[in-house]
Every structure is written in C-alpha cells, then in structure tokens.
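Two complexes come next, and they have one chain in common, chain A, joined by chain B in the first and chain C in the second.
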Partner chain A sequence: MGKQTIIPFGPQHPVLPEPIHLDLVVEDETVIEAVPQIGFIHRGLERLVQTKDYNQFVYVAERICGICAFGHSMGYAETVENLMGVEVPTRAQYLRVIWHEMSRVHSHTLWLGLAADAFGFESLFMHAWRLREKILDVFERTTGGRVIFSVVKVGGVTRDLDDQQIDYMKSVFADFRAEYTKLIRAFLDDSSVKNRTVGVGTISRADAVNLGMVGPFLRASGEPYDVRMLGSNGYGELEHFEPITDDQGDCYARIRVRCEEVLQALDIIDEMLAKLPAGDIAVKVKGAPKAGSEACNLVEQPRGECYYYAKGNGTKYLDRMRMRTPTSQNLAGMAATLKGCDVADVNMIVLTIDPCISCTER
Partner chain B sequence: MSFATKSPWVIHYDASSCNGCDIEVLAALCPGFDLERFGIVNTGNPKHADIFLVTGSVNERNQHVVKQIYDQMVEPKVVVACGICACSGGIFHDCYNILGGVDKVIPVDVYVPGCAVRPEALIDGVVQALDILDQRAKALEAKRKGA
Partner chain C sequence: MGFFKLGSMTMGSLFKEPSTLRYPFETKEPPAGLKGRIVNDKDSCILCGACMRACTTGAIAVDRKGRTWSINPYRCVQCGYCITVCPKKCLSMNPHYSEAAREKKIRIVNVPEHPKPARAKADAAKGVDAGAKAGEEAAAAKAGQKATAVKDAEGAETNGAAGKDAAEN
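Moving on, here comes the complex of A and B:
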C-alpha cells in the first residue's frame, strides 16, 4: 500500500477545452477517488429571464453553450410553445430537426477530434476538424452563423431553405459521408487507438442507470434510451428510429456509439430533406404565458437528454426557466468511472463522457 | 539575440465563455484557417506561451486562474480578448456572477469582438498582437543592453 496523494487536474489543462477541476486522490498510479469541483464557468444566466422577455431569451438560451447552441434554442422555444399552446408549422419542425441533427454531426466530429488529441493522435485531430469545417460551411450558408445561429424563434424559425440550398446541402453531405466513413476507420480499427481505449473506464449497465447517466455515455453501456425515440415534435415524422447502443461500456464503446450516431444523424437529415413539406416557417405568437402556467420539455442534445422547465407569471417575462443539462447528469457517472483507473487514463475517461461544462454551470 | 526570434506560441483559457469562442479559437488553429502555418502553435504550458487568448467574461471563481496564467507567462507577452464577452461581458453583462471583461483582471492589448468571434477576425487580432509582441521584445532588448 502506497501513500495517498492528491493530484490536482485542471482547471487549466492541455486536454481540457473547458475548465473543470478534479482532485484526484492517488495511491501509487491508481486513482482512488476523483472529486470534481465546478463553478469556473457559472454565469447565472437563468436569472436573465427576469430582465429579458420570452422572445429575447431565445438568444440567451442559445448562448448557454456554443457547441449545442441550436439544441438549447430549440429546447427553450419548444418549452415556451408548450407553455402558451402554440402550434408550430410542420415545415419549421422539419427545419429544426435538420439543423439539430447537423449540430449533432458537428458536435460529434468536434468531440472525435478532441478525443484523438487526448490520446495523442494529433493528425487524426486535425482531420476530424477539417471535416467539421464542411458542416460549418453549410451552417453558414443556411443560417448565417458558424456556431451561434439565431434561427430559432418562439413560434417557428427565422430562415427558410430554398431548392438551391437543399441541393447544395445534399451534395455536401454526400461528400462528408464518404470522407467520414474513411475517417472513422482510423478511430475504430487502428490498434494504437484500441490500446488506449478498449477496456478503459468501464461502467456496467446497472451502474449507468442507477447513476442517472444520459446520452452516448449511457447508450454505450447498453441501455437503449434516446429522447428522439419518443418521437416528440419533428422527430415523430421519422419513419424509423433505433438508438445506437453498445454493451461494452468502455471508452472504445463510447467512441463507437458516437461514430455511428453521426451516420445516423446524416440519415435523418437526408430523410427530412427528401420529404420537407411546403408551408409557413413560423406563426405569430401574441400575448404572454398565463400566470401560474408550467411546461416542460425534453430534447436529445448531442451529449444526452436535456430537460427544460418554464413557469409563466402573466407578463412577457417568465417567472422561472430551468434546464437540467446532460453533463450535470453525467458527472456522477464520471466520478464513479474514474475510481480505480490509471492516472494516465484520466484524460481519456474525462474526454469520453464529452463534458460540456458551460452547459452544466450555465 | 532578440527575445522573439522564435515563432509565437499561444495559450488559450476559457474564462466562463459559452464554448462558441473556444471552438472558434481551436478552429482557427486547425485546417481550414490554419494559423499554424505561421508557426503559431497551441500550448498548454503558460511558461512556453507568448500570446494569451482569453475567451469569456471572467467570473468570481476563475479570475484568480486567469491572473495566475498571466503571471506565469514570461515577458514579452500579449493578451488577446477573444469575443464580445471577453471584451465587455456581452450578453452576460448583467449576470450576477460576471465581472464583465478580461480587462477587469489583467491588462488586455487586443480586443477582438464578435459572438461568436469569427476565425478570420481572430487571425487578424493575433497578427496585430504579433506587432505588439515585437515592440515589447525590442523594448526589453534595449533595456537589457542599457543595464
């Protein structure tokens, strides 16, 4: 038995794009316990609902997180629509699904790059990010923004796609798919990647469920739960949806699940683009949420289930707006997975839960 | 020998930004925009860095971290505030936990606005930072010779 020491990890650390601090209690080379400390990105933006009305808050909600920006603006708008009983036109719902799946593709390729960086495969990191630029170009052509889009509003979306743009999107996605299938061969078949990830940071299905984990982290442990399969809003129009799972529960399984989710998201985009209905893209929303009215909503963000809750008070300002984001659900699972791992594997495990700290702390 | 004959290296820290600017900082360094073709490399070690790219509006908890990274960097050094949050607080200006800009904590040389900051704007900011870095290096050199 060695002596226990505490190794601080973060908030400024080369593998972390975002600040989180972990106190790693270490004995020899083994982590006994990992105690996360958060608060480095807490801004307190939920309170801004008191000074920004429900239409303006869409833009604040979008800036909860720059990676899942579209998902948050969509989740918030849907919550307020539920609160006020607004029926969104079908075309707007389709467009929301298309952009949301595009942000999943961009988020997962970004994450694949960061994961490659974490296990020291620098050129793979660069390739993943080069490929991601193609998706960002499509975002820029269709919404005007690269990471913050501001296309969602309460009652619909602010921009439409014309035929020329749809053709352009289809051709880019076809190119992307071809290159992406080559890229993930490196992630899934390369022996140096497997050496770092297979059997590392394993968590069982029972533990994953008990710790309330969500998203690819949960699905990689074998639990087929994905909010999209509930078929709410635009997702109800999908012909078929099956969550992607893996029964291994290790870092490699989490990489595999995310790799395949990108292809699944591309399928969804293709399907939605092919049967995009004609019609309006927004309805006018008048009045204010009634006093005491409450609504909630679930959205499958790239990182997992995100829960939204809103309460109206009869004015244009909401009484309360609350989100429970996927990473705050997954932190307990991360601390459990880190128990007993090797110090050298800490960065790999932290990365494979795909932490989004600015979502967590808001 | 001049103080800045090597290629400038950058260090990036997220001081309560929404991630939008952070991924744009990384995108500027990756293929597509490729800041690395100028020899500019992202490093995790403040002691190796010449240019400090800060995103986000700085809150109560991370102001000490920002200060510490700045203090650990070796002279000459330049600070670039990336994005409107780092410049003035942006949309989060009225939040209770926000100090409202990097210049409340450390001196800032170049302000690059935008929400999220565009990689082109960021590259322009870094190029301006290079001029400032050069001037500081020369001033340091002159001071050393004078001493």
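Moving on, here comes the complex of A and C:
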C-alpha cells in the first residue's frame, strides 16, 4: 500500500482541447479518486438573453460552443418556436437536419483526430483532420462560415441550397465516405490502437444510466438512447433511425460508437438531400413570447442530449434561457470511470467522453 | 487485429496533391456566399438606423445629423442580421477573407443626401445603375446632389481622418 498523492491534471494539458481541472488522488500508479473542477471559461451567456432580443440571441447561442455551434442555434431557435407556436417549413427542417448532421460528422472526426493524438498516433490524427477539412469546406460553400454559420433564425433558416450545391455536397460526401471507411479501419482494427483502448475505462450500463450519462458515452455502455430516435422536428422525416450502441463500455467501444455514428450521419444527410422538399425556408415571426409561457426542447448534440428551456415575459426579451449540456451530464460518469484506472490511462478516458467545457460553462 | 492499417492511406498521400496551401504564396479563392465584411451601398441608405438597433454586438453606428454610417469591424461578428432588417436592402457581405490589420479603425461611410423620391424614380427610369460609378457621378450632377455625393462617387469609404484603408477588415 503506497502513500496517497494528489496529481493536478489540467486545466492546461496536451490532451485537453478545453480547460478542465482534475485532482487525481493516486496511490502508486492507480487513481483512487478524481475530483473535477470547472469554471475557467464562464462567460455568462445565459444572462445575455435579458439584453438581446429573441432574434438576436440566436447569434449568441451559436457562440456557446465552436463545435456544436449549429446545434445550439438550432436548439435555441426550436425552443423559441415552441414558445411562440411557430410552425417551421419542412424544407427548413430538412436543411437544419442536414447541417446538424454535418456538424456531427465534423465534431466526431475532430474528436477522432484528438483521440489519435492522445494515444500518440500522429499520422492518424493528421488524416482525420484532413478529412474533416472537406466537411468544413462544404459548410463554407453552403453557409458562408466554417465554424460559426449564422444560418438559423427563429422561424427557419437564412440560406437555401440550390441544385448545384446539392450535387457538390453529394460528390464531396461520397469521396469523404470512401476515405473515411479506410480511416476507421485504423481506429477499429489496428492492434496498436486496441492495445491502448480495449478494456480501459469501463463503465457498466447500470452505472451509466444511474449517473445520468448521455450521448456516445452512454450508448457505448449499451443503453440505446438518442434524442434523434424521438423523431422530433426534421428527424421525424427519417425512414428509420436506430441508435448505435456497444455493450463493452470501454474506451474502444466509445471510439467504435463515434466511428459508426459518422457513417450514420452521412446516411441521414444522403437521405435528406435525396428527398429535400421544395418550399419556403422560413416563416415570418411576429410578436413576442407571451408572459409566463414556457417551452423546452431536446437536441442530440454530437456529445449527447442537450436540454433547452426558455421562459417568455411578454416582451421581445426572454425571461430565462437555460441549457443543460451533455458534458455537464457526463462529468459524474467521467469521475466514476476514472476511479481505479492507471494514471497513464487518464488522458484516454477523459478524452473519450469528449468533454466540451465551453458548452458546459457558457 | 492487424498492423499498419493506415499504411495504404499514408502511402497514397505521398503521390497525391498536398492538402494544404503554401500560404502566403498561394491563397484560397473565397467561395461565393462566403461571409465577409459588411458593405453599405451608400446611395440607397436612408440612415433609418434599423441596422444599428438590430446589430447584436453594437458594431454599427448611424449618425443622421452628420450623415454617416459607420461600422466597427472589430465588433462585427459577421452574423448578417443587419442585412436582413435593412428596409432598403442596401447592406451586403463582401465575400472576402480578412487580411491582418495594423490599426483598429472604424470604417465610416458618408451617406449622400438623396434626391426626392420622384426624382429618384425618374433617374431609375433613365437606367442609372446605382453601382456604376462613372454613370453615378453624372447622375449625381444631373440630380443636383450635394458636393459630398460627388466626392464619394469613387466608391471610397473614407476612414475617419486616416483616409482609405485597404487592410481594414
């Protein structure tokens, strides 16, 4: 029995794209307990809803996080639409789904690159990010932005896709899929990756559910829960949707779930592009949310379920806007998973929950 | 289980075009529809101030007395909301990657006084294109516009006392 020591991990650490601090209580080489601490990048964005009107806040909402920018603007706009009883045109819903799934593809490929970097596979990291660049180019051509798009507004979207753009998207996604399928062979079949991830940071399905985990972290433990399967908004138009799960609950399972979710997202994009209906892309929204009206909404962000709540007060300024982000749900699970692991595995485990601290702290 | 699963992709990369550009020797062509800096067509602007009230970041300032419309490019987040609220549709985005700037400057546009609506209609009937700078000068002279309009007709957005700034965002 060795002596217990506390090793600080983060907020600045090579594997962490965003600042989170962990106090790792270690004994010899084993982590006995991990105490997460956040609060390094709090910006008070929720409070801004009282000084920006509900149309302006879309642009604040999408700046909550750089990776799920589209998801947040969509989640917020849908919440306000629920609040005001606005019916969004079907074409706009399809476009939202397409861009949201593209965000998932770019978020997951970014994450795969970071994971490769964390286990020291530099060329895999480069290839993952090279592929991600193709998706960013599609974003740039269709929305005008690479990371922050500003295409969502309350009542619909601000840009449409023409036939030329749709053909361009289809050809890029076909290329992307071909290369991506080769790329994930390295993640899923390469022994050097497996040595580093199989059996590391395992969490059982029961624990995952009890700790309220969400997203790929939860699905990798075998719980088939994904907000998209509820079929709300544009997702209701999908022929078929089944969450991707794995029953191992280890780092490898989390990598596998994300790898396959990219392919699933590409399928969704193809399906939506193929049956994109004609019509308007936005409706005019007039007036203000009624005093005392409340609405909520769920969106499956790349990192998991994100919950939105809004309350109106009869003016153009909302009374309250609240988000519960996937990473804040997953922090408890992360601390539980870290218990009993090797110090050398901490970075892999932290990374496989894909923490997004900007969202969490807003 | 297997080894060297990334081999074919990495080997293939040896014979492909590089994925990156040798910036600054090569630059990327901005795609159409790219978000860029906000441009005000000063000949249509009526200085109503809707864009100023809509701007989420408070980047735009409209001075009706001084007849100027100005934008602080360091506050503008290129969300494009001002474009959607403008009643005259005179704001647009110039697809453009921002160059680095040496100084923080506010871009000021001097908005000329507009001829009476009836007159403007007559001009339009004559086929005067607001964007065609050569024709514009003649039109301005014809319409008897104030000297400011003629001065601005080169399309230069004067940049405070410092004059034109090519490196502005």
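Observations
We take it that the second predicted complex is superposed on the first by the 362 of 362 C-alpha atoms of A that agree within 3 Å, B and C clash if a C-alpha of one lies under 4 Å from a C-alpha of the other, contacts with A are read in each partner's own complex, and residues count from 1 in each chain.
The definition used in the following text is that a contact is a pair of C-beta atoms (placed from the backbone, for glycine too) under 8 Å apart; a residue touches a chain by one contact, two chains touch by 3 or more.
Worth saying up front: this structure is predicted, and the values here are computed from it rather than measured.
When the shared chain is aligned, no partner comes close enough to touch A:Ala115: not chain B, not chain C.
By the touch criterion stated above, A:Ala34 is placed in contact with neither chain B nor chain C. By the touch criterion defined above, A:Lys194 reaches chain C but does not reach chain B.
In the superposed pair of complexes, A:Leu45 makes contact with chain B only, with no contact to chain C.
In the superposition on chain A, contact is made by A:Val60 with both chain B and chain C. Once the two complexes are overlaid on the shared chain, A:Ala186 sits against chain C while remaining clear of chain B. Using the contact criterion defined above for the overlaid structures, shared-chain residue A:Leu124 touches chain C, although it does not reach chain B. Once the two complexes are laid over each other on the shared chain, residue contacts for A:Glu133 go to chain B and to chain C alike. Note: residues 59-60, 63, 127, 130, 133, 145, 148 of chain A belong to the chain B contact set and to the chain C contact set alike, using the contact criterion stated above. Residues of chain A that touch chain B in their complex: 11-15, 17-19, 39-45, 47-48, 51, 59-60, 63-67, 69, 110, 113, 125-127, 129-130, 132-133, 136, 145-148, 356, 358. If you check the complex, the residues on chain A that touch chain C are 52, 55-56, 59-60, 63, 121, 123-124, 127, 130, 133, 140-142, 144-145, 148, 150, 153, 158-159, 179, 182-183, 185-186, 189-192, 194. Here chain B touches chain A in the complex through residues 13-24, 26-27, 30-32, 43-46, 56-57, 59, 61-62, 65, 69, 91-92, 94-98, 115-116, 118, going by the rule given at the top.
Residue ranges on chain C touching chain A, taken from their complex, read 1-6, 8-10, 13, 19, 31-35, 54, 56, 77-81, 84, 93, 95.
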